[in-house]
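Shared between the two complexes below is chain A, which pairs with chain B and chain C, respectively.
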Partner chain A sequence: MLDLGIDVLFKGTNFLRLLGGLWVAMRISLISIALSIPLGLLTGVLMTSKSKIIRFIFRVYLEMIRIMPQLVLLFLVYFGTTRALGWNLSGEMASIIVFVLWGTAEMGDLVRGSLISVPKHQYESSEALGMTKGQTYLYIILPQTVRRLLPLSINLITRMIKTTSLVLMIGVVEMLKVAQQIIEANRMTSQNAAFGVFLVVFILYFLVCWPFSRLAGFLEKKWQG
Partner chain B sequence: MSWEFIGKYMPMYQRAAVLTLKIGIIGIAFAILVGLMSALVLYYKVPVIKRIIKMYIELSRNTPLLVQLFFIYYGFPKIGIRLDAEICGVVGLAFLGGSYMAEAFRSGLESIDKIQEESALSLGMTRFQVMRYIIFPQAIATSVPAFMANVIFLLKETSVFSSISLMDLMFTAKDLIGLYYKTTESLFMLVMFYLIILLPVSLLGSLLERRLRYAGFGN
Partner chain C sequence: MAEKLLRIENLIKSYDNLTVLNGINLEVNQGEVVVLVGPSGCGKSTLLRCINGLEPIQNGAVRLEDEVIQHGSKNLPDLRQKIGMVFQSYELFPHLTVLENLMIAPSKVQKRKKEEIKREALELLTRVGLADKANQYPRQLSGGQKQRVAIVRALCMHPEILLFDEVTAALDPEMVREVLDVMLELAKQGRTMVIVTHEMQFARAVADRVIFLDGGKIVEEASPDEFFDAPKTERAKKFLNVFSFERVENK
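For the complex of A and B:
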């Protein structure tokens, strides 16, 4: 049989190290998601603000973040801040900053989209009933938007987890880096390790993201109409 | 900011941008092909193949391009498939983009009311004619916004090609930062070149979207 080199992972603590690398990537995405969701909710509400200036500012922010590849943003924060501001950010810190900036923008846009999908008369009716702005959002608008928003934000979470694979490029030791190290260390004994190890990395990413996208698909179907 | 430095290394960035564009365009073309075929298979519910396509879509959508590229570039040679880095980039982009394009086209195809197909069939059109003249043109129009979003997404994803040692924009920027410590200039040019590539596509996307909304296509 063809030697696929998966056996490398069963030597010593190699597989645990790989999972540790996965955890580093997951930690970055979990922290970023936890920060992005509340910030995104706020941004989304501000994006539907009546003030043209506020809307314009957030529009520019969203478009600027959106048009750049995430890797470019990572480079800008990781290398750029060192030079321009004299900060010495760790790779992990830089990636959290980028993912929060990016996640907030994307989440904000999702919130904006679901907010404007609520018919205007809902706002007007609750105003007519004498509700304050806060009450209107809390009791009338938010419950209606959640159904539309939840599947979309779960999809954003999977996108964020997938994007964390990029942090390798600014020197964070995550799963792909650990995989490379394992392959390098076993170059002599197991020449086909690159196939097996990267296959396992591929499967692990799939196993992490797949349940989320299934859940999003399920909720979307359930709440349709 | 040293303009002299920028002028000196401009050609390097130009070459890199051309490479990014070249692989991006070829990769996206293949992604469209893969996506179109997958969407048709799903639409006609071809047995067995439908299952394979569904599995492919799940696999491709739930893994990062970087991991896919590493697997193709470093893993495949170990089982005897050795691909050139540029071809790897194209294959990776087609593999990732195919599933996104498939979803865009599929939702376009499904948005066409069943009654249109039935009417066309009752007029004596063949199944091929129904697809060619009735369903396809309308479906394409409906899927344009998702399609353009995918094109921009895929062009942005090309930024990871530097990891399989393709001399693209990211590679050039990282190289210059490492060699000359000209961080500001290198990053400035990096951003500028990505804007030159992505802004027109993004503007075209929103233009098309606005145009299509007016058309309405009977809805």
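For the complex of A and C:
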């Protein structure tokens, strides 16, 4: 039978360590998501602001974050700012900062898109029924915005979870890094371990992201206008 | 003399340098059906939007029972409860069922009892032949059905005047009739209505008074028979000729 070297995961606490790595990845992404969502809502509303200056500032912010690869941002914050500003930053903290910056920008853009996708006439017909601006937002505009937004933001969550695989580059020991360590440590005894261990890593990422992805698909179908 | 419900005095509306409405004076009596006709771009839809305070105006005043309707004013939401408006593109709320569409404004704005609104909404739906659609979503309805729901939605607020902005313009021909029938029925009930339409035969059937607008001004004002049989102005004649030519062509 083909030797995938999965057996190395059953040596010692290897599998638990791998799960520990997954937990680190989840911690970074979940904290970042929890912060990005409210900040992104605010950013999105500001992106539809009437002021050209505010719109321009947020446009620049969004484009800069988008153009720069996440890895460069990680390096910039972890290696760059710690030197330049002379502060101490753990790898995990730097990761969260970068993910919040990125998540807020992307989330903001999704919110902006959802807000402007509600036609002007919806505001008018609501106001023509005697609703105030506040009631119009609360009962008519926001429910429609949320329905458009939720599937998209769930997809953003899975993207953020997957992107945590980059933070090993600034020394954070998350799942992928643990996998590498396990493979390295067993290089002599189990030469095929790379395949088996990365396969398990793949399955674990899949198990975490798949429910989110299904949820997004379900909501999209349920609310499709 | 019937009671004046709506009074428009010397209304001027312009976008930047373009004057869309130039000194409109119009009074609508209680129970009267006024139909606005005119070539596209003549300002009839804009006039309707001004009556509902959807557009800021540059001069003049719109009054509903002596209360001034002004874009952006504090009491506008209160006044708008008395003005029902139906749009060309229906504008039902897509995230709500038909019944919820009908109930949301009466319950949230007028704070009326849910059971009472529901009973009334279902009764009105039955009258326009849509009782079985109460729990469906707008996307499941045809254009004509959506528009009838939109009319019922306006009626549920117990408005004193109804504004119709080209409500059949986006509909397939076979659905136009079902919507117009609802409006004819409302006219029979003695509702006060201001209607913008391109359906000339309907205009003739429903109107107490026809207003012909062109270039932002009221060019002619007459009873429907007078207007359609013997228009006084050249411009009205020209406008009606264009229309009858199209009608012959379609036969």
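Here, the second predicted complex is superposed on the first by the 205 of 225 C-alpha atoms of A that agree within 3 Å, B and C clash if a C-alpha of one lies under 4 Å from a C-alpha of the other, contacts with A are read in each partner's own complex, and residues count from 1 in each chain.
What we mean here is this: a residue touches a chain if its C-beta (ideal position, glycine included) is under 8 Å from a C-beta of that chain, and two chains touch if they have at least 3 such contacts.
Just so we're clear, the structure is a prediction, and the values are computed from it rather than from any experiment.
Between chain B and chain C, more residues of chain A are touched by B. In the superposition on chain A, A:Leu85 makes contact with neither chain B nor chain C. Of the two partner chains placed by the overlay, neither chain B nor chain C lies in contact with A:Ile53. When both complexes are overlaid on chain A, the residue A:Met68 reaches chain B alone and has no touch with chain C.
When the shared chain is aligned, chain C comes close enough to touch A:Ala128, but chain B does not. When the shared chain is aligned, chain C comes close enough to touch A:Ile140, but chain B does not.
In the superposed model, A:Thr158 lies in contact with chain B only, and not with chain C. Shared contact residues of chain A with chain B and chain C: none.
In the complex of the two chains, the chain A residues touching chain B come out as 2, 4-5, 67-72, 75-76, 79-80, 82-84, 158, 162-163, 165-166, 168-169, 176, 179, 183, 191-196, 198-199, 201-202, 205-206, 209-210, 213.
Taken together, the chain B residues at the contact with chain A in this complex read 58-59, 61-64, 66-68, 70-71, 74-79, 152, 156-160, 162-163, 170, 173-174, 177, 183-184, 187, 190-191, 194-195, 198-199, 202. Touching chain C in their complex are the following residues of chain A: 119, 121-122, 124-132, 135, 139-140, 143-144, 147, 223, 225.
Interface residues of chain C, counted against chain A in their complex, comprise 52, 54, 77-78, 80-81, 83-85, 87, 89, 91, 93-95, 104-105, 108-110, 139, 150, 153-154, 157.
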